[in-house]
């Protein structure tokens, strides 16, 4: 059939368009998955240090631990003696080692290290908890880790928000471009469709091949996009590993359920593109 | 078709108007066409012949008046039933309306596929009818590579392949030499004898002068002459 | 056009073949058509009439043989000069080939715009020729809203609007009743009297039987009869 | 003209496609401009600390300064006395202040802080310079600031590489999608084009309207894309400013010459899309 050759071109255009949309969108997804990994790594590092007043008696420390452990949002509490504290400080300060070597006494207080449940770890929650811990009698002072991580969480959340907004936008854009591609394809078939109707074809008969084509194009486009992403991923991660050994975080590919979701999504997009363009086309032609 | 046979009108029109803007393409047309009848529609260019046929298969809808086809009132046929209505007709369009991207064979077979026939039956019927139209050896060519007359014969084949109740032929011999035209007319006569109703719009003096069938003469969208079957000779 | 006038061939064909695959659409056609001559080409459906005309304006290229048009050898005309060659012709295509998305007026005006005429001149000429073809009141309609005959008259108007040297008319009256057909033939006669050469492919017995012009009879791609202007009566 | 309505749809599709391509590409550009700003800020912070051996005499220090200042890639050299060093250390360590308060003597050496020319500041250059400084007699030890910034530069360069690769890919994708949209539009006009040729139209006559349309579509599409980007920029920067006051870096819009470049680019894309599709189309039809 001659229309196969004509249609082949249009089919390829549609598949390429879907593949590119999926590639770009899922590259964004890959970025988020890995940025999320990094964020989670950092989040695990967030803890609140509660420095205990020197006057606190040994026996009260156990009570304090209980109190802290019962506070909402707290996952774990660890006691760090002043000796431990000095050791870790020494470990942190390589250069200024001599500075610590010259110490006569240990100036550090005992402390509790408080870990939070990662799910509940928002900037606000950390601040609230820190305030409540700080209000306790036996607590001299509170330091909640790298405060910038809290800030960073907010920046990350902002980017997540931008990402989701762009994702929705991108979804609409993809559907738009694809339904237009399909509509242009139908457009070049409008004489044919008109004639089919005149010889008694139902809308169903006319639509079925378009739907089948749409679903196949969606599936193939999605897979091509993902394969391209995977190749890109391999190239980049190889590059990163070569240049940075395991220094920088290990990047991983999209989990298989997301991959599956993307293919389902692209089939859906193929279908939706067909649905929208066919409905409008058959109404107007 | 003697005058004694009881009439069974298959197409009835009552005071039908078709307007395009201010223009009346058809005005106050009333007529009955009997089951198994053979009718010619003639008249000058732009008289409304094609419009008359279009209204019957609901290619257009009436502006006013009523049309009954095979007992059902066209304005009452729901949109979803229009394909069924159209399958009662075999239409030879004035401009052929062949699908340019399908071969002659595929164009003809489409009618049967649309009706849901089995593939082997489709093949047999479509090839058979193309043979009758003298297009056997060109059935795998695409319309743009066929001569005008060849395209017209494919259009005829497509119109008759589905064994329709009514054949609407709009200028079915306009691109044909007299010998090819005679073959087509014979083909249509064969279908009539098997029970079909034949309605032909034509300018062809040669065909009109030879017939003893009814001739409906249109001018400016109005029926000027109902030409009963008995008045064989016509003065244009 | 007496026999004494010296012949100036405007179209010359020498042993022309046109093949589509194994099929000869034209075989060993040699003929001369004189400047300002009026020639009919006839023959059964699929004989090669349209193909003969297509070769002249280089709508197709010959498979073998040579064609001279107005002194230039068609196979030597470079691709870039083809538009110039085509402007020498006014072609009435068998399937009209009107642009469906342009009005009747725009379709006719296009020929003049293509040739680079000034807008006011375009308007004047296009409207004038549409009037002559009897399409004055429908020139702002689109082809799908015109009747078959009306479309054909627009096609005729488009063919003559550019004052071409040669008019190629492929079945120019196929969709027309005899009165409209007579108007078109008169229009073409007027153009001939102003110096144009007219070549008409037709089946129309009525027209052929009335003429005293040369008739070229094709069958199976071969010229069966060169019909010199003197033999007025033809046996088909 | 009826074809105006038909064409309007196709024109809108083309413009939207260009606008979306430009939006996505220039959003990437915006990201890079601002990431570049941040990087440059960080780069300015990179310096090499050269700790001077305690034995070095006062007079030799001046000579050392000269030597360092003359080294290639060095922009500035600043002397930091051990007192200064201790002060800044105290400032850095808020919590462990008591630790420093308990010091009897100042354990820090004198040092030179060496700043590099930002242009020459690659990771390799920093390492080379540090090695050369470290080889000097009077230099005890060398510390080149936050080594991670060097690493980060490399990550950034990798991303820049990915960005440029994606940019080129995106350019091709844009041209591809647009030339296909235009080709599909031509496709639905192919009868018209064939007829125009038959009545003696030159290819030029046929092409001119398409080219004009292509250029206009390119320009309008580019501008629509940039306006959409600007609106998005305003929304996001307002959001950032609200949430983080001036804590996070101030983000800026694309400089005007880049904006101009993008419009020129989108006009060029419109033209190229036309050129490619017309050339192929006129050859085959």
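Just so it is clear, A, B, C and D label the chains in written order, and each chain counts residues from 1 on its own.
Note that contacts are C-beta pairs under 8 Å (C-beta built on N, C-alpha and C of every residue); 3 or more make two chains touch, one makes a residue touch a chain.
Source: prediction; values computed, not measured.
Asker: What chains touch chain A and also chain C?
Answerer: In this structure, the chains that contact chain C and also chain A are B, D.
Asker: Farthest chain from chain D, comparing Cα centres?
Answerer: It is B whose centre lies farthest from that of chain D.
Asker: Using mean C-alpha positions as chain centres, tell me how far chain A is from chain D in Å, no decimals.
Answerer: Taking the mean C-alpha position of each chain, the two centres sit 23 Å apart.
Asker: Counting in whole Å, what is the centre-to-centre distance of chain B and chain C, each centre being its mean C-alpha position?
Answerer: Each chain's C-alpha centroid was found; their separation is 30 Å.
Asker: Measure off the straight-line distance from the CA centroid of chain A to the CA centroid of chain B, and report it in whole Å.
Answerer: Computed from C-alpha means, the inter-chain centre distance equals 65 Å.
Asker: I'd like to verify one number: the distance from the centre of chain B to the centre of chain D, where each centre is the average of its C-alpha atoms, in whole angstrom.
Answerer: Comparing mean C-alpha positions, chain D is 70 Å from chain B.
Asker: Which of line, ring, star, complete or other matches the graph of chains that touch?
Answerer: If you draw each chain as a dot and join those that touch, you get a single closed ring.
Asker: Output every touching chain pair, sorted by label.
Answerer: So the chains that touch one another pair up as A-B, A-D, B-C, C-D.
Asker: Which positions of chain C touch chain B when the two form their complex?
Answerer: On the chain C side, the touching residues are 20, 42-46, 49-50, 94-95, 145, 147-150, 152-153, 170-171, 174-180, 203, 205-206, 236.
Asker: Given the complex with chain D, which residues does chain A contribute to the contact?
Answerer: It comes out as residues 10, 13, 16-17, 20, 24, 89, 95-96, 98-105, 107-108, 141, 143, 151, 154-155, 158, 162, 173, 176-177, 180-181, 184-185, 187-188, 236, 239-240, 243-244, 247-248.
Asker: Which bits of chain C are touching chain D when the two form their complex?
Answerer: So the residues of chain C in touch with chain D come to 57, 59, 80, 83-84, 86-87, 91, 93, 97-103, 106, 110-111, 114-115, 142, 158, 162.
Asker: Considering the complex alone, what residue numbers of chain D touch chain C?
Answerer: Residue positions touching the partner: 1-3, 6, 189, 191-192, 195-202, 205.
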